[in-house]
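Next come the structures, one after another.
In the two assemblies presented below, subunit A is common to both, partnered first by subunit B and then by subunit C.
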Partner chain A sequence: MSAHIFRLAAFASGFLTIAVFVMMLVLGWPLFTSGQFFAILTGEWRPSNELFGIFPMLVGSALVSVLALCFSLPVSLGTAFVVATLAPRPLRRAVQLMVRFMAGIPTVIYGFVAIFLLVPFMREQLTGGSGLNILTASLVLALLIAPTMIVFFVSGLQNVEERYRLAVDALGGRPVQKLLYLQLPQAWPEITAGIIMGLGRAMGDTLISLMLAGNSVAAPQAAVDSGRTLTAHIALVIAADFDGMQFKSIFACGLILYVFTAIVVMLLRLIIGRSMCQV
Partner chain B sequence: MSKEIKIITEKLHFAYQGRAVLEDIDLTLLDNSIIAVTGPSGTGKSTLLSVFNRLWEESSDGVFAGQVLIRLSGRLVDIYGPELPVDALRRKVGMVFQIPNPLPMTIFKNIAFPLMLKGLRTKSEVAGMVETMLTRVHLFDEVKDRLNHDARSLSGGQQQRLCIARALMVDPEVLLLDEPTSSLDSKASEKIEDLLVELKEKCTLLMVSHYQDQVRRIADEVYELADRQLYRMS
Partner chain C sequence: MRRWFERGIVFWSWGSAVLLLAILLSLLSYLVYRGGGVVGIGLVFGDVPPFDALLLRRQVFSGLFPAIAGTFALVLLAVGLAVPVGLAAGIFMAEYAEGQIKWLLTVLFDVLAGLPSIVVGLAGFSLTLILHQMFPGRLGPCLLISALAIGFLILPYVIHSTQMALESVPPALRRTALALGATRLENIRQVLLPTRLPDLLGGVILAIGRAAEDTAVIMLTGVVASAGLPRSLFEQFEALPFYIYYISSQYADPRELQMGFGAAILLLVVCALLLVIAFIIQQTLSRRLSRF
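Moving on to the complex of A and B:
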């Protein structure tokens, strides 16, 4: 009986995933049939001129997520090194607890705190303007994706078999040498998976970029420019329109995000699958 | 030529998770000899070995008391004292485990690994030393055409000789061997035994073994560990 319930649950979740894709495809179909899909992908967003391009949002999403990854990666790797090997056990536990706690904080809290602490700092000390820009959003997103990456990195570093670690200890290897020469090369599949997962999380997050990136519809030329991401664009358009061409254009955004997420998941499966085969 | 004292333990005591494993062990071992420790399973023989390179500190909630002195570079040193860092100790007191544990890398890199830990990276120098060491453990002819293969692809006996070669790479003065032939067939065991007898010319070997025949064949001194005490056998 319970097996049937589980099977039904698995079928339902698979069905829903496909249904979401089909729904976006059906609702965005007028874009394809009217030949506007590629114009939307590459064009500007000027609804008053009947231009519904999402190219600036594509650039915004790419910039925010790649910058967030660049900021977060060294910090996450360093934290993972401390948690996995370098720190004394009580400190490891304390840092691990803090990382888990960070993962549980609602996104809106990060955004809220950033508006009061980071935005004024950026405005007065670094970027000028309103302080709401790609750089501000990516700094907070870096913080947001760090716990996800740290969990993957730590798991990879700690999964190195005990007998290998003891072998290095017995040869007089210092903790940092053990980390660099044994654990890091062994943990690369999990590290890659963590990076992809972090990038996916940064790309998919809505609230931080909505609150902090400035939401300008012009394509950002630099990190200190205001910008709008695909996810923020969907949220903003859906709040203002429900039937027009503007509304239909957000299905192009949805499809792109869906395909990107699917690629991330497939890459993860490929990497983790390969590492399992190597064990 | 008379042999020098290599290892002295005084009132050695070790407890693991609140349970005493070793109690008041006073021991004096001579250099250039093979010292075998036998005894029933679970009596703490492996723990005793791990006391001499402080490896127990890496994995267990052990409590150590007493004193362990080892003659290193001609001088008796308290290995739990502040003057000897633990990584320096472990380069002088090598260890070979019961189950061969080549690192997940090539044969060449396994042997060169201890040199990398010491910071020696000149490729030609390392290559020469790797070949010399593999020859010393009688493995070079068997693996010379596949030095870039994964070390885990070797047979059990070859893996154990590789691990011995790796441990010898930094010229240890003491070699700890935790049942080094227990996972090997008789032919492979024989090769390891011959190698150990050769090695005692260069260092002191402290070996845990279950095999009485083996102990009789190669050991100079035999101790039995029972009831947390170490007894010298005739």
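Moving on to the complex of A and C:
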């Protein structure tokens, strides 16, 4: 009896996950039947001319998340080195706690502080304009995905048998040598997984790009341009419109994000066979 | 040459860690600098006596009380919905599921955990559209829909932490009660769950943190900037993270902006407290487990 309840709960949860995909597919169905799906993926967004392409948002999302990854990767890797090996033991724990705390800070707070601290700086010193652009958003996003990546990197680096580490110590290797020539070479699966996971989180985040990227609908040409991501597009269109093709196009955004997530999950399974939930 | 390279790596690594620390500290100190002045009883209740506000005798217009109450109601509902289902599903995954079914469900829960929260919000919004077509004019975006969506958002984390907790029970302990003639359910209820209670609790607390901080989901499913206290499941409500987001673009005067910073401090303290509690619970667990 109870086993049935447990099974029901698990199957229902799994079913709901599929149902989300189906629901978006059904509500966005006119996009597919009218043969416009391809046009929407590659076209530009000009509702006044009946053009509802989400290509600018695709570019925006890709640009923001790849830039965020580029900023975050070196810093995350460096911090992971410190946590895994370079720091003395008590300090390691302190840095690890700092990383956990950073992961716990609500996204909206990162965005809020950035608006009043980073945006004026960008406006006056670096990019000019309003200060709301892809570069600003990706800098903050880099901070947001750093804890995720650090956790993966550290677990990869620490994945070495104790006796190998002791062997390096016994041979007189310094911590940095142990790190570079023993721990790093075998950590590549976890490091790749961390990078994919970081990219996934950067693509999926809404608030940072909504608050900081400027949300203009033209396809961005450069990092200092204002841009709009798929996630921010969903939030902005829902606030404006409930009907018509403009509204339908957000389901295309939702489907793209869903498929992207599924790909990320599959890649993670292939590379490390581990779950996303662990961060 | 190699020596210089190694030195460079060390220098760069420490530089990264220090950079992160510096950013974190400047973020925190800037929050306190801008919003520290308003943190106090007045931030929550405005000029209404706290007791009157809590007993709902007078409405609070100039404080965060409605937003806090909204977030509180939302988290309570969402966790109340997600925990029983997540617990049951987690038990199934750890104790009953096998082979391809287990693989399929694991992948599905992974996808669910990875879904951007805006997509979960969009799903909740779609649900209101469908319900609206079925029962015209009755149901729009509201507290109930938000709670369902947030519950759905935290569900995979509850499932995962339950599953991990049960699967990490040492085999000797797992088989003892069974060998003594206990049924599978008795074993789960009286041995496996109690030994792993702190772990389960830690998972739930982390889920609470996620539910409290998420903004994208509720933005699409029924939060508004001013709604007063949440009165019913079928009405719109206020929430702390949305208030912060709203203030960042819509503040009218410096006082309101300062309230925004105050709200940010409040939300941060709540999330930090939840983290600390989860951490302490995990610590007690690892100490208890070392006895086995």
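Basically, the second predicted complex is superposed on the first by the 263 of 279 C-alpha atoms of A that agree within 3 Å, B and C clash if a C-alpha of one lies under 4 Å from a C-alpha of the other, contacts with A are read in each partner's own complex, and residues count from 1 in each chain.
As a convention for this text, a contact is a pair of C-beta atoms (placed from the backbone, for glycine too) under 8 Å apart; a residue touches a chain by one contact, two chains touch by 3 or more.
Bear in mind that the values here come from a model prediction, so they are computed numbers and not experimental data.
*Asks:* Does the subunit A-based superposition show subunit B and subunit C clashing or fitting?
*Replies:* By the criteria stated at the top, subunit C and subunit B fit after superposition, with no clash.
*Asks:* In the overlay, answer first, second, both or neither for which of subunit B and subunit C A:Leu257 touches.
*Replies:* second
*Asks:* Just checking: does A:Ala167 make contact with subunit B only, subunit C only, both, or neither of them? Give me first, second, both or neither.
*Replies:* Touch partner of A:Ala167: subunit B, not subunit C.
*Asks:* Just subunit B (first), just subunit C (second), both, or neither: which does A:Ser61 touch?
*Replies:* neither
*Asks:* Touching A:Gln177, do we find subunit B (first), subunit C (second), both, or neither?
*Replies:* After superposing on A, A:Gln177 lies in contact with both subunit B and subunit C.
*Asks:* Pick one for A:Ile109: touches subunit B only (first), subunit C only (second), both, or neither.
*Replies:* The second partner, subunit C, only.
*Asks:* Applying the document's definition of touch, where does A:Gln186 land relative to subunit B and subunit C: first, second, both, or neither?
*Replies:* Touch partner of A:Gln186: subunit B, not subunit C.
*Asks:* More subunit A residues touched by subunit B or by subunit C?
*Replies:* C
*Asks:* Under the stated touch criterion, which partner chain does A:Ala235 make contact with: subunit B (first), subunit C (second), both, or neither?
*Replies:* So A:Ala235 only meets subunit C here.
*Asks:* Smallest separation in Å between any Cα of subunit B and any Cα of subunit C in the superposed model?
*Replies:* Least C-alpha distance: 7 Å.
*Asks:* Same subunit A residues contacting subunit B and subunit C, which ones?
*Replies:* 174, 177
*Asks:* Along subunit B, where are the residues that touch subunit A in the complex?
*Replies:* These residues of subunit B touch subunit A: 53, 55, 58-59, 86-91, 94-95, 97, 99, 101-105, 113-114, 116-117, 163, 166-167, 170.
*Asks:* Spell out the residues on subunit A that touch subunit C in their complex, using ranges where they run on.
*Replies:* 2-3, 5-14, 16-18, 20, 23-24, 27, 74-79, 81-83, 86-87, 95, 98-102, 104-113, 115-117, 143, 146, 174, 176-177, 179-180, 200, 203-207, 211, 231, 234-235, 238, 250-251, 254, 257-258, 261-262, 264-266, 268-269, 275-278
*Asks:* Note which residues of subunit A are touching subunit B in the complex, please.
*Replies:* Result: residues 162-174, 177, 181-182, 185-186 of subunit A touch subunit B.
*Asks:* With touch defined as at the start, can you tell me which subunit C residues reach subunit A in the complex?
*Replies:* So the residues of subunit C touching subunit A come out as 6-7, 9-10, 12-17, 19-21, 23-24, 26-27, 30-31, 34, 84-86, 88-89, 91-93, 95-97, 104-123, 125-127, 129-130, 152, 155-157, 159-161, 184-185, 209, 212-213, 215-216, 219-220, 241, 244-245, 247-249, 260-261, 264, 267-268, 271-272, 274-275, 279.
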